[in-house]
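Consider the two complexes below, in which chain A is the common component and chain B and chain C are the respective partners.
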Partner chain A sequence: MTDSEHSSTLHYFSHKRRNLVVLFLFVLILFASFVYALQAGSYALSYGHIFDIIVQALFHSDDSAPLSAEQIVILGFRLPRIMLAILTGMSLAVAGCVMQALLRNPLVSPFTLGLSSAASFGAAVAIVFGAALTSVIPILSENAVIVGFAFLFGWLSVLFIYAISKMKGSSSVTLILSGVVIGYIFTAGVMVLKYITNDEKLREITLWLMGGMWGANWDAVLVVAPITLVCLLWLESKAWDLNTLSAGDDVAKNLGVDVEWLRFTGLFVSTLASSACLAFTGIIGFIGLMAPHIGRMLIGNDNRYLIPCSACIGAVILLLSDTVARTIFMPVEIPVGVIMYIIGGVFFMFLILRGHHRVMQ
Partner chain B sequence: MKEKIFLITFSMLLLACVGTFCTAAAAEIQFTDTAGSLITLPDIAQRVVCLNSDAAEVMVALGVGDRVVGVTDSTMRDNALMAHLPQAVSVGTWDTPSLENVLKLDPDAIIIYSSSPPKNVALFETAGIKLIALDCYRITTMESDVAALGMMFGAEDKAAEYIDFFNSWKEMITLGVSAIPDDEIPTVYVEGYTEYAAQGVNSGIDLMLSIAKGTNIASELGEQWPKVTPEWVLMQDPAIIIKVCSPTDEVSTEDVWNNVMTREGFEVLQAVQNEDVFVINGDLAYGPRSIAGLVYVAQALHLSLDIDPTDVLLEYDERFVSGMSDLDYFSPYL
Partner chain C sequence: MIFEADKISVRYGSHEVVHQVSLSLRSGEVLCVIGPNGSGKSSLVKALAGVVDPFTGRLSLDGSPLSSRSRKEIAKHIGYVPQNLHYLTSSTVLEVVILGRRPHVHWSLSLHDLQVVEEAMKRVHVSHLADKLLSETSGGERQRVFLARTLAQEPDIFLFDEPTSSLDIKHQIEVFSMIKWLSALGKAVLVVVHDLNFAYHFADRVLLMHGGHGVTLGKADDVMTKERIFEVYGVSMEFLRSGSNMYIFPEWDKV
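Moving on, here comes the complex of A and B:
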C-alpha cells in the first residue's frame, strides 16, 4: 500500500467514524426529544411517573383493568402522537433526501415538488367523495380511502415531475417551477372542493390542510409505521446506487446501476412513504428540504449515512415543533404546520443567503 | 276679496306641504343594528337580500319571509327554511356574494352578520346598497335584533310576540336556576363541530351557560374557539360534556353522542361515566331557535328543572315557523 493509498484509507475510516458519531449523537438527541415530548403537556406528570406507566404497560399489562387518566394521557395521547411525529418526520426527510439524489437537485422535496399539494387534493377528494366510495366498496375504511387517494395524486404529481426531468433542456429551475405549477393546480382543485362541499367536510378539509398531529392514534401509527419502516429500509438499501448516481447517469450505468428503474422505484417508494404520513397529518412543509440539507452540512453526501441522518433530523425537527405547537399556548394548541412554515421559511432564506442558490443555475 | 282668496289658497298649499313633509317623516324608519350603527331607511323594506340565514328565519317568524329575494348558497341547502322563502334565489357564497346577482334583485338592503361581513363589502357600499348588520344568532342580542327587524319590515307586533315568547322561556329558566347554590354549579366542557375545538368565552353555548348556571371550563382560556389538547380535558374532568354538531342524513345526533361516549380516553371522565354527555344541533346553539337550545342546556345541567325543550320547539313551530319541530335536534332526549 502506497502512502497515498494509506492516507486515503485513514481518511475514509476517520470520516466513517465521524459520521457514525454524528449519527449516534442524533439518535441520542432524538431520544432526548422523545423523553422531553413525553413529559411536556398540560397534564403535569413527573418523569418517574411516566417511566412507571410505560414499564407497567410493557411488562405488567392487565387488559381487564381500566386505565387511569395518567395512563391514558401517556399511552393514549402523547405516545401515539410522538410516534406519528417521528415517523412522519423520518418519512418526509428521507423522501426529500432520496428525491434530491434521484433528480440530482438539492432543492426538491415533497413540498417543493408539489407532492404535498397533490396529496392534499387526493385527501380532499377522499374526504368529500369517500363516503360514496366506502358505501360501494364496504371493506374500504375512510382512512384507507384517504391514504389511497393521497398516494395516488402524490404519485401522479411525481410522475409529472419525472417526465419534466426527462425533457431535453430541463434544468433545476424547470423542476422547481413545475413543482410550483403543480402546487397551484392542485391548490385550485382543493379550493373548488372546499367551495362545493358542505360545512362539516369543509372544516375537515381546512383542518387537514393546516397540518397537525391531531389525527394521531395507535390505528394511524399501525398504518404508517410498517409503510415508513419498509420504505426507509428499502431506500437505505439503495444508498450505494444513489451515491453512484451523483456522479452522473453514465457513470452509474457503467457501474451496473439500472438508472431508469432506480429513479422510477425510488420516486415511487419515497412518494408512498410521504403520502402515507401526509394522509394522517395534513400538509407538513419544509422537513424534506431542511433535514437533508442539515444532514449534508454535518455528514456529507454519502447517502449511506445521509439517509439515516436525515431521518433522525427530520424526526427531531417535527417532534420538537409539534411539542412546541401543543405546549406554547397550553392548553390551546396551534397547527404544527404554522411552525414548520416559519422555521422552513427562515431556513430557505438561510440557504439562499449562504449561496446555495448556485444550485438553481 | 282677492286677498281672502289668496290667503285661503296659500294656507291650503302650506297645509299640503306640511302634510307631505309629515307623511315622509312618519314613513322614515330608524333603528340600531347589532353593530351599534343607527340605520335610517326611507320606508319599510320590501325586498332584502339575506346573507344571514338566522335573520332570514326571523323574517319568516315575523311573517315577512316573502320579502327575502336573495340568500346564500348554504341557506339554499336548508330545505326546511327555504320552504318559507318563496321569492329567494341564490346570490352566491356568504363571504363573497355576487354583486351582479344582488344588483339584479334590486334590494332595499342587504342583511349581514356583524362579525362576518362579506369580504367584498366595499363593492356593495360603492354600489350604494345599504348593508345592515343584524346577527339574530346570539341569545344575548336576540331581543334587540328581532325588534330592529320588526321595525325594518313594519312587523312590530309580530316581533313583540316573538320577544314575549323568547323572554317567557328565558325567565322560566332564570327563575328555575336562581335557587341553585354556587357550589352546585357544574363544570362543562363544550365542544364545537370538530374534536377538541372548545367553545370558549362569548360563544353560543357559553352565553347559554351563563344564564343556565354552568361553568364553561374553556371560558378562562380567553379565546372564543380555542383548540385544546385532549389531556387538558382529562385534567379538567368536567361534570358535563356538551357537543355541538350538524346532524346529517348519514350522521344523527345519537351517532355523535355514541362517538363522544366511546372516544379514546374519555372513559375516565366523570361526565362519560355518569352519561352526562349531551349533543345539541348547532341550529339550537344559535339563531331564533336558540331559546329551545337554552332550555335543553339548562335541563341538561339541572335535571330537576323539568322543562321540556320540545315544548319550546312545538310552540315556535305553531306560532312562528312551521316544520321546525320534528328535526334531529338533540341526544339524549330529556
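Moving on, here comes the complex of A and C:
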C-alpha cells in the first residue's frame, strides 16, 4: 500500500464526512417524525391544514379570535406534547452519553443509575407537598417546585453514585447495583407518598410513574426548553475533554483536563437536563442507553459528533414511541414508558447476542 | 530548555511515597529512573506529568514555576506515556493519536493538526493501523500508538513510565531507539525502567530511587555500582565489560 492510502488525514476527513452525513440524516428523520406526529391522532387533519394552523399562529396571531377545534388540537395538545417528547428524548440521550463518558462505563444512564427513580420521587414529593410550599413562598410556581425537587433528588442520587465510584471504582457491576439500590429506596419512598396522599394526588403520581407525556403543555415546554438547550450546548462544548477521558484519568490530566472538575460539573449539568424533563414526564427508561449505543455504532466514539447524534436519535425514538402510544389503540392511550421498556429490552438482547464489542467494551 | 523538580514529595492520604526528590532535565538528555518495586518511581513521574499534585516542592520550566501556567499551556510542554494502557480499547488507532492534539485545538482540527498526527503515526510506523481498533493491536503496536499520541502532543519533555514492561526484546529495543531519536531531536526524555542494561546503555544520567528517596543522580558509571545496586535491590550483580559494552546480570551462584 502507498502512503496516501494510509494517510490519516484522508481517514479523518472520510470519517468526518460520514459523521456529518449521518447527523444530517438524523436531523431529517427527526423533522419527518415531527411532521408525522403532528398529523397522527384520532382527530384527522391534512398536512396542509396543519401547516396553515402553525403559520397562522406564528405570523398572524389574533388573540381576540376564539380558537377552532383544529387549532386547539394542534396548538394546545399535539405541538407541546411533541416538543416535550423531543426535548426529553434529547436530554436523556445526551445525559446517558455524557455519563457513559464521564464514568467510562457503557451501561450507565439516568435510568440505570437510579436518577430517574430519584427525580420521580422528588417530583412526587412536590406534587404531594408542593401546594403547601407555594402557599408559604408565593413567588414559586408549581412547575418550578416540581423541577426543583426532581433535580434535587436526581442530583442526590448521582452524588451517591459518584461517591461509590470514587471509593470502589466505576465497574459495571458496582454502578448498576448501586443504581438498583437507589431505585428500590426511592420506589419505597414513592409508595409511602402514594399511601398517605389523597385520591387526586394518588392518580397524578401513578400516571407519573408509568412515564408519559401526560404533563405536556406550553408551560412545561417553556420550563424545559431553555434548561435543556443550555445544558446540551454546555455538554457539547466539553466534547474534546470527554474524548480525552477515554484514555484514562492520567492521560486526560496530562493533556490539560481538570478531570475532577469536569466529572463533577458534567454530572451536575446532565442531571439537571434530565431531571428537568423527568419532572414532567415521569420515568422514561432506556433512551439514555439506546441512543448513545446506536450513535456509537454509526459514527464511533468522538463526542463532538456523538452528542448531537445521540440527541437526535433519542428525540426520534421518544417522539415515535409517544406517537405510537397515543395512536395504536385510538382513542385510548398507553403510557410511552411501557413501549420504551419493550424496545429497550429487545435492543439490549440484540446487543448481547450480537456481542457488538465496539459498543459493549 | 530546562525542566526542574525541587524537593518534590508525593502523598497518597497520609502515606508519603516520594520524599523530597530533586532533579533537572535538559533538552536532548535521556534520564533513566531505576529502583526496586515500590520505590516511588511511578509516583514521581506522575507528579512531574501533572497527574498527581506534589504535596511539597516546586516544578519549574526554564526557571518559571509550572503553577503560574495554565493546564493547557503545561500540556503543550510535557507529554506522558503511562504504564497502564488498558483504556481506549473500543477506540480506533487514529482516534487515540488525535487525542494528543487536545492542548492545541479548541474544536476542529486544522490541516496543520492533521499533518502533525500523520507525521507522528508515520514516525512510529502505525499509519497502516489508523482504522483498526486498539483492542485488535498487539502489545508492541499499542505502545507505538501511545507514543504516536504523545508525539502528536508536540511536547518538549517526554515522560515514560516503564514503556517496555509488556514487550518482547525486539520491541524493547525499538522503543529505546525511539527514545534516543527523541533526544537527538532535542527533546528531554525521562524514562522509568526496570532493566539495568537498558538504563546503562541509553541514559545520559541515571536517578536511583529507594524507599521514596532519590539515592543518587549522575552518570550511569557513577550511580550503577555493584555496591549501590546490592544495597538498594539486595541482589549481587556482575558488571562485565566487553569492548565498549557493559553487561549487568545477577551473580547466579549467589542468588
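Definition applied: the second predicted complex is superposed on the first by the 347 of 361 C-alpha atoms of A that agree within 3 Å, B and C clash if a C-alpha of one lies under 4 Å from a C-alpha of the other, contacts with A are read in each partner's own complex, and residues count from 1 in each chain.
Here, a contact is a pair of C-beta atoms (placed from the backbone, for glycine too) under 8 Å apart; a residue touches a chain by one contact, two chains touch by 3 or more.
For clarity, every value in this text was computed on a predicted model and none was experimentally measured.
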item: First, second, both or neither for A:Leu233, with chain B first and chain C second; value: neither
item: Touching partner for A:Arg104 - first (chain B), second (chain C), both, neither; value: second
item: Partner chain(s) touched by A:Ser68 [first = chain B, second = chain C, both, neither]; value: first
item: First, second, both or neither for A:Leu58, with chain B first and chain C second; value: neither
item: Partner chain(s) touched by A:Ser7 [first = chain B, second = chain C, both, neither]; value: second
item: Touched partner set for A:Asp250, first chain B, second chain C, both or neither; value: second
item: Contacts of A:Ile334 with chain B and chain C, given as first, second, both or neither; value: first
item: Partner chain(s) touched by A:Leu207 [first = chain B, second = chain C, both, neither]; value: first
item: Chain A to chain B touching residues, read off their complex; value: 41-43, 66-69, 72-73, 76-78, 131, 195, 198-200, 203-204, 207, 214, 217, 326, 330-334
item: Chain A partner contacts - residues on chain B that touch it in the complex; value: 74, 77, 93, 193-196, 221, 223, 226-232, 234-235, 237, 246, 248, 250, 264-265, 267-268
item: Chain A - residues contacting chain C, complex; value: 1, 3, 6-9, 11-12, 15, 104, 240-241, 243-244, 246-251, 253-258, 300-302, 304, 357-359, 361
item: Footprint of chain A on chain C - complex, ascending; value: 46, 49-51, 70-75, 78-80, 82, 84, 87-92, 94-100, 102-103, 105-107, 109, 111, 114-115, 117-118, 121-122, 127-128, 130-131, 133, 135, 149, 153
